[in-house]
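Reviewing the structure listed below.
Labels run A, B and C following the written order; every chain starts at residue 1.
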C-alpha cells in the first residue's frame, strides 16, 4: 500500500459518502413520486368506478318503475349528480372534512372549495381526494330518488338534492370520516354501509312516508302492470353496473395502495365484495322462490345490492367465508323488509330502504359480530346516522308538503310525470310494423 | 492529513458501508412494494373489466332473442355470476390451480377457498389472482346461456351453472393454466380462446343439440319476428361492453406488469385485440353483405366478437398485421359457421358456437400459423378442450333430458319463459300515448 | 487501530464504492421500469375509458332519434369504430405523428402502421400511445353520425368514415399535436376541444347542410313524435357513459403520470372536467326551463356534454371556479346554438354542432380568457381547425350528393333506414300482453 493511496482515502471516502447520500436522496424522491402516483391514480380510477354507479342507479330505478315516469327518473338521477358535484364542492366537502370544528365532534367547517394544488408528495392529492369523496356524496343523494319515484315534484327533488348534498350527508359524514364523535368512540364503517347507504336509505324512507303511496298502490284491484317494473333489461343492466362500480367503492376506500398491507387489504375487500354480492343474490332468490313459488328476478337483483351494502362497512375486517354469511343475511333481510313495507303500506317503489337502509344497518351490526368491533359502539353509530338522515329529511319533506310543494296532483300522477312535468314521453315507437302483428 | 482523521477512517467507512447497505435494503423494499402494488392493482382493474363483460353477454343475448324471454335471459346471466363466484371459490379454483395433482396432469386439488393473505411481496396477491380467475370462470359459464335460450328450464340452467363452474371449466383449465398435460406439452393459449371461449362455445353447442330447436325455428312459414333480435340497441350496447371488457381479458392475462418486457407485451396485446375486433367486424359485414345483399348489423357484431375470440389465444405472439388477418378469418368463419348451423338445423339463438366455439378453435390454430407454436400441439390442445366441454355437457344435458328436467313444455315456450317461469313481463309500456298513434 | 485494518481500508472502500454504484444502477433501472409501467398502464386505462365513449355516442344518438333508424345509427357508430381503428393504423397515425414533414407544419408522413416494440424505458410505449390516439380518432369520426342521422346512405357513411379517419382528422391533428404550425405558434388545446370535438362538430354541420333536413322536419304540422327522442333512457345512459369516458379523455391527455407535477395536473383536470359537466347541465337546464317553461331532459344532457367539450381544451390551465364558469357558458351556448340551427332550418338531429362545434370553439376561446393563452392565437387555431373540417367534409358530402350517393330516397326515409337499408327492425315486441291492456 503506497502512501499516496493512503492519502487519497479520506477524499474517496467523502465522495463515497456523498454519493451514497445523494443517491439515497434521489432514490427516495423517485420512490416518493411513484408512491404518490400509484396512490392517486388508483384512487382516481376507483372514483371513476363509483361515479359510474350513477348510471346504475338511474337504470335500476327507471327499470323498476312505470314507463310513464322514465324521463323524470333519469332526469332526477342525472341532475342530482350535476348539481351535487357543485354543491358538495361549495359547501359539503368543507363541512365534512373541515379542519376547524365549530361544535367539536358534531360540526366542522373547512371553507369553500377544495385546495387545487397538492402538498408535495405527502398523502393524497386534494383534488383526487375530492373526486373520490364527491362520488360518495352523489351516491348517498341519488339513492333517495327511487323511494320517492312517481309522485314527487321535480322542483322539490332539486331542493332535496341541495339539502342532502350540502348538509345532511356531510354532517353525519364528518361524525365518522371527518374525525367527529363517532370516529372518536371507535365506530367502524369502512366504506359507508351507514355513512353513505343508510343515509340514502333512511332519507328515502322519510320521503316515502311523508309523500304517501302512489295512487292505487295498495288498492285490492290495482292494475298490476302500473306498478310492475316496466323494463327488466334496464333494471338488470343497472345492477350489473352497480356491482362493477362497487369495486371502486369498497377497494378504493382503503385510500392508500402501496405496501403489502394496503394491497392485501384492498384485494381481500374486493373478493369479499364479490362473494357478498353473489351470496345476497342467491339468498334473496331462494327465500323469495320459497315464498312466491317462482324465481323472481327483482328479488335476486335487490339481494345482490343488499349483499353489497351489507359488506361495505366491514369488508376489510372479515374473511371470505364471513362475507358470504353477511351477504346471505343481507339478502334474506331485503326480502323480509320489502314485505314489512308492504304490510305497513309504505310505498318505496324500488326498495331503497330494504336495500340501503336495512342493508346498511345490518352492515354496521355485522362489523361487530364478524369484524370484532364493539357491539354497543356499532349499534350507537348505526342508529345515530340512520336517525339523523331520517329526522332531517322527514323535516324537509314535511315542510315542503306543508307548503304544497312536495307532491304532484293526482291527475299529473295518473298521466305520468314524463308528460306533465317534462312534456315528453320516454319511448316513442314509430314505424314498428310488428306492433300490429307481423 | 492529521492522525485524528486517519483514526476516524475505519469508523466512517463502516458507517458508509452500513448506510449503503441499509439504504439498499430500504430502497429494495420500497421498490418491491411498488412492484407488488402495480402488479396487483393492474390485475384488479383488468378483473373488473372482465367482470363487466357479464353485462355485455346479458345484453347481447337478450337483444338477439325474443322479448318474451328477456327476464329469463337476464336472470340466467345474472345468477350464473352470483352463484358462479361462490362455486368457483368453494371448488373450482382449488381444482384448477391446486398444488397437489391427484391424477398427474389431469386432475388436481387445492382444497376449499383461497388464501386470504398475501405471501409477502412475492408474485400476485392470492385474492387479486382469485378475482381475475373467477371473472374468467364466469365468462365461460355465461356463454352457454345464449345457446340454450328460449327453451331451457331455469332450474336446469342452475344445475348446469354449478356443473361448469365447479367441474368442467376448472379441469380443462388445469390442463393448461394449472400446469397440467397441455401446458407440459407446450400448448399455448394466452388468454383463453380455448380454455374459456371454446369451453363455453362447445358446452353451448351440446346444449343446443340436446335441447333441439325452438318450436317453429326451422319451419318454412316461421313468423320472422319471433326469432329475430327483439332489441338491436341492447345487442349493440352489449358488444361494445364486451369489446371494452376484453381489454381486461387479454392485456390482463400478461399477469405481471412491471418491466419493459411485460409492458411492451401488454400493449401489443391491447392493440392486437383492437385490430382483430375491427377486422372481424368488417370481414363478417363484407361477407354477409355479399350473401344477404344488405349490410346486416347482427353479422358485424358477431364478427367483432369472433375477431376478439380468435385473437385471444395468440395476441401476445403475433404482429398488428397478423392480428388483422386473424380477425378477418374469424369474421368470415362466424358467418360460415352460422350458415352451417342453419343447414344442420341446430338452433343456437345468439351464435354462441360460431363465435366462441369456432372462433376459439381458429384462435388455437392461428397460434401455430402466425405465433410460431407447434401445429400438432395446438391442434391436440384445441380439440381436446373443445371435446372435453362438449362431451361432459352433452352428458349432463342428456341426463337432465332423460329425467324430464331440461326443457319447458311447448305451451310455456310459446307463451315465453318470462311469464311462465318468472311470472313477469320484461317490458310493460303504460301511458304510451304514441302507441295509439300521435 | 491495528495496521491490518488500515491495510484493508482501500479494498473495503473500493467495495463500498462499487456497491453504491451497483445499487444505484440497479435501483435506477427498477425505478425506470416502475415509471414506465405506471405511465403506460395509466394511459392504457384512459384509452379504454375513451373507447367506451363509442357506446355512449351510439346510445345518445339512437335515443335522440326515431325508433325507425335505431339499427342504422347503432350500425354506423359500431362500424366507424371497427373500420376506423384499421384505417387510422394504416394511414392516420402516420400522417398525424409522422417524423418527416412533407409540407413543413402542414403535412407529415410516418409510414404505415405503428412500431410494435417499445424503445427501452423511454417515454410511452408506441402501442399504448397508438391505442390512446386511435380512441381519439374514433371519437372525432363518430360525432358526425348523429348530425346526419335519418337520411344518409349507409354506404356514404362508410366512405365518410374512411375519409375523416385517414385524412381530415390526422392532418389538423398534426397541425397541433403532431408539432405542426398551430403548435409552433403556441396554440393550446389540451385534450381536443378543437382537435377532436370541433372537427367532429363542424364535419357534422357540413353533413347536415349538404344533406338538408329530414322530410317534414320544419313543416308546421310535423308529427311531433317522429322527430322526438324515441328513447330517453338510452339517451341518458349514453350521456352517463360519455361523462365517465371523459375521465380517460381529459386526465389521460396529461400523457405522463409520475411526479407530483403530473399527478397534480391530472387530478385538477379530473375535477375541472367534473365541475364543468355539472355546471353545463345546470346552466342549460335553467335557460331551457326559462324558455320552454318546463325542465327539459334533452337540454340538460346536451348541456353536460357542452360543458365537457368546453373544458377539454383548458382543463389543465384553469381553476375549479373557472371550470364552472366555462361549463355554464358552454351550457348556455348549446341551448342558443340549437335555437340558431332551428331558425336556420338546419337539421342536426342530436345537436352535434351545438355540443361539439360551438362547445369546441368556446373551449378554444376560454383557453385564452381563463387559461392565459394568447387570444389571437386561440382564435386563429380554433377557426382554422373548424374551417378545415367543415370545408373538406362539405366537399366530400357535396361530391357524394352530386353522384347521387349521399341520401336515401324519400320513400326509404319515411319507412326508416332500419327496414330499407338493413332489412331489420330495432325493436320487435312479441308476447307483450300488456300492449293490449292488462
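In this text, a residue touches a chain if its C-beta (ideal position, glycine included) is under 8 Å from a C-beta of that chain, and two chains touch if they have at least 3 such contacts.
As the structure is a prediction and not an experimental result, all values here were calculated from the model.
After Cα superposition, the angle needed to carry chain B onto chain C is 120 degrees, rounded to a multiple of 5. Where chain A touches chain C, the two copies mostly use different residue numbers: shared numbers make up under half of all numbers in play. With each centre defined as the average position of its C-alpha atoms, the distance from chain A to chain C rounds to 29 Å.
Shared interface positions of chain B, i.e. residues touching 2 or more other chains, are given as 6, 9, 13, 16, 20, 23, 27, 31, 34, 38, 45, 225, 231, 418, 425, 427-430, 434-435.
Chain C contributes residues 6-7, 9-10, 13, 16-17, 20-21, 23-24, 27-28, 31, 34-35, 38, 42, 45, 49, 66-68, 225-226, 228-233, 236-237, 239-241, 243-244, 247, 251, 257-260, 262-264, 266-268, 270-271, 274-275, 277-282, 285, 292, 294-298, 300-301, 304, 319-321, 324, 415-416, 418-419, 425, 427-430, 434-435, 438 to its touches with chain A in the complex. On the chain C side of its complex with chain B, the touching residues are 1, 5-6, 9, 12-13, 15-16, 19-20, 23, 27, 30-31, 33-34, 36-38, 40-41, 44-45, 47-48, 51-52, 54-55, 58-59, 62, 70-71, 74-75, 77-79, 81-86, 89, 113-114, 116-118, 120-121, 125-128, 130-131, 134, 154, 223-225, 231, 234, 418, 421-435.
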